[in-house]
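Here the structure is laid out as structure tokens; the discussion comes afterwards.
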């Protein structure tokens, strides 16, 4: 017996990945998948279609309106919003980071933040889930346990993050043309400008009870998919101690793993739902943590499916790609 | 109840793809997968291990020796050789194209050529299978039906083929370094020099009863995977007529499809076992056919699994990746 | 004493390359360079500015209008049109290939076709020059001498051409996004559809007195710059004989060279004004010729500067980049 | 009247860039350029050849031996060592960072460190110059003035650096293969492991009189050339104040420039001798500086030519590529 799932925004990179994952999911049937090319008329039609769960891969500002309408028309259905609309809980924060009034503020208190491994208890049976940002996922998974246990200094966090170009979506922008990107590399939104800063600091504040100060510089890599974030942290502890704390925290979470030796690379997590991290000594009193994931999978569509599984009472790993590493090491002697 | 499969040569690109596919195969258990990094000692050990089927992703010259030994020690097992060792049947041809004496000529008559859609009847229950070359698969799938039905001129076949770099294997050659390949493109082995010419002409001769004359120029693309071959053919027939003949021939073959409109591209078949082709009018009396496949899947590991399925009486498509196109169109309105 | 040169369309890839070359040209001063971002108002202003030569890197349909107006206002100036507007001489051909009425048919008879090595005598002192297409340059340089001397069969010419993405210009098209192109490869406009077919056949007809039949299939490479064309030709002659004929024809032309051994690759000509070619035996009665050039230099801006030099009586090689090969071999022991 | 220059190690990426620059240099004649493919026999022969200057693009450990021998045989000649052999002055430091005994310790005191803009007074007329590391150049150019003027905290410097693959040289390593690097990205040598840490800290100590503490994490970009370093610094000053201080320091240095607005990108400096930097506010008390250069030009061969010019009394910019930006803005309206 399959769960019927509808996808809004199925023609973007995230939407395509969603459809790809759901089509191979053993307990799911794709009820409909509506593209956005035709404007949003097609979506409006989708609103009338019955499904057990709706995944919204729509632009922010539009997505929450759909979530609100689905909440009224299909109160029993699971709704997962992959846009940024429901990530910030504080009144005023959306206006500050997104530069517009919130389209459905009444949903903010209800939406569960879908950083699966951190908010798992609240995700079981949830009906409205806000899927985290891709950068935020790569940064929060290592930071939340370390700040919550006060193992690193919350007041001095430096994150240098790099993302493949699908993170920017299928947008007709000159800087995203092949001839502009191939062979090039650049930083953008340096310091505290990127929208995910608000999202990250809010979660860190909520989980640790401390006021974090984050320097966050994203970069655009000439690759299609993958995020690698380097976190420079001040701590009195050894790298091995922090690695141990992370391993303990994620002991029951198959997709989040701490590796030893060489830092993990994009290809280690490509097309998987994994987030891999490693901890290294830096200057005295400093460590560096590398955290990597596939922005379209654990950073978007994969984590949405993981959350869908929890919301529906399915196994957490159902329909999620086997890690390449796991596949390879399974039988190789 | 799973079939136990052993893989020799599991650390090359083809071997990795084999392990990845077999690990996700619903009816298969990877009994062992032996790398080649340690030289061939590890392989020798593998020869003592029991399995129901053995896949050889070893260098030519070595592979047939393993096939011979397995044939003696495990006569009931299925052996699939992915090297070029068992592709040429004529005595002398191996010496001419591979420049060395054949390591196990006694196997040549027994080995079934594993171009699945063409030799399917012989593959059911086969015990020794020679998996075709990647270029050869992309060229023979469109050519065999057209030559067999005498729809195109066998004496004037021009093939301009382009392959991603995994086709050259994980070899430490200066021309395969990132800094040499990125942003570059080149032809190699022009005319009638490439080993697959002998393989292709032998199959065409055998299936059509005509003596083919092939011009074949391979090129190295700055991409990791994928082959796109352009076949320039002389014919009195319209492109649509040839497309129809190909569709009829492959009607029962889910992985080989003729598309209309735009020529198929590498991304259409990436990580799938598909071979897509299209037929277009060129100058009067000439058509051009584009044929594309993923060199590591339909061009190597995927076709090997397809052949394994037939040899073992499993469903032909078992364990083979769902086409991206099929996944996407399944539910999108 | 410098020649004052103005550039229209300086913000496209060709226009940028023009400005880069002209800025380093020892006998040239850039009088002005007008972008197109602002629409064509800025260009209109440029029409009032005095210069000794004007280079038009504008879209077709617009370019010839500028050429016409400059011809009236500055009859002494050299005008070089890099668009396709003045390449086809036959009435009706423009309408057929470009799908619109010609904006300035009175210029067609006057414009010299700037395939430098072939039309050099007419380019000395020319006042209106039509710069050839990039594909056309790569195909015509090997074909013109061989057809003119009747060394190959004009009625059966197959060209499989591959170009980097700057050939498509700085256009906001989804298929030119980094995420669409990276790792991909495809054919387009197969058979006889591309506009350069008309241009190539007209020149071949004019130079050889024969009616050519051309099959031409362009492909889009995931690289920024460079064209490699493979020409499959029918001939009773040996490859070496054709190579000799080409060497004789281009003896006094420093930028066009026939190489032996391995086929030339994109990187051999990158950022140079060279066109390199090689001739190889294929099937009996067939040879294949590889021809490579940088589409932005010899295929556009570099050939325009070469033509400018001839028109102004400057040394033909002035301001044109030294070949990387020439630089390297100059002093290496 | 040309200066005669000999190049050792002309077949590596740095050596090729050296030959390319020297071949176009108006005051230089390449006396000889010796490859390393033949082992070092060819080099030994080079030692007998007379030249006015010798550039050594040889592996460390070998390079200093050549420098020593040239110093004895050609005491009047300029010798520029591009390896790491002469960069560390402290006894024991070479052993610590390079893991071997120094091949010519007697040269260490004599060699001038060729970070041109910082050590310019000592480079005029110098006879033995140690060319800086590529990462070190990108980090030291922004850091030296800020530490020397005590504008930033020397005890807490975090550098996240990214380099193209030519930085690793033309080495046959599996991780440098196209199929391993394309689409991938990774960190290596995290913390304080990379050899350039020793070099950077020694220069900072010497120029600022403070003991610096550096966290340095290099990354390998899937591009051929270019370095972008992000420097996270603690300071009581505003970003604009630091930018002003850097502008003042580099007022007379045409190749080092501070830009406003968007951070500089690799393509801004590709194939130029420029180092561009920008300063941005981060968290309170923190700024981030981006510094970018072409690792083969300002990071190696270009800076060597710049140093050669100073040593020989030539104009500092002679033979060095005009910045693309400068070329473009020169005449564009």
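For clarity, chains are labelled A, B, C and D in written order, and residue numbers in each chain start from 1.
Rule of thumb we're sticking to: contacts are C-beta pairs under 8 Å (C-beta built on N, C-alpha and C of every residue); 3 or more make two chains touch, one makes a residue touch a chain.
These numbers were taken from a predicted model, which means no experiment stands behind them.
Ranked by separation of Cα centres from chain D, the top chain is B.
In terms of C-beta pairs in contact, the better-connected of the chain pairs A-B and B-C is B-C. Taking each chain's centre as the average of its CA atoms, chain B and chain C sit 39 Å apart. The centroid of the Cα atoms in chain B and the matching centroid in chain D are 48 Å apart. Among the residues of chain C, those in touch with two or more other chains are 180, 182-183, 222-224. Those residues of chain D whose C-beta lies close enough to touch chain A in the complex are 156-158, 160, 162, 180, 183-188, 190-192, 213-215, 217, 219, 221-226, 228, 230, 232, 262-267, 270, 280-284, 286, 288, 290. Chain D meets chain C in the complex at residues 7, 10-11, 16, 19-20, 22-24, 29-35, 42, 182-183, 322, 324, 327-328, 330-333. Contacts from chain D toward chain B in the complex involve residues 13, 165-166, 170, 172-174, 176-183, 222-224.
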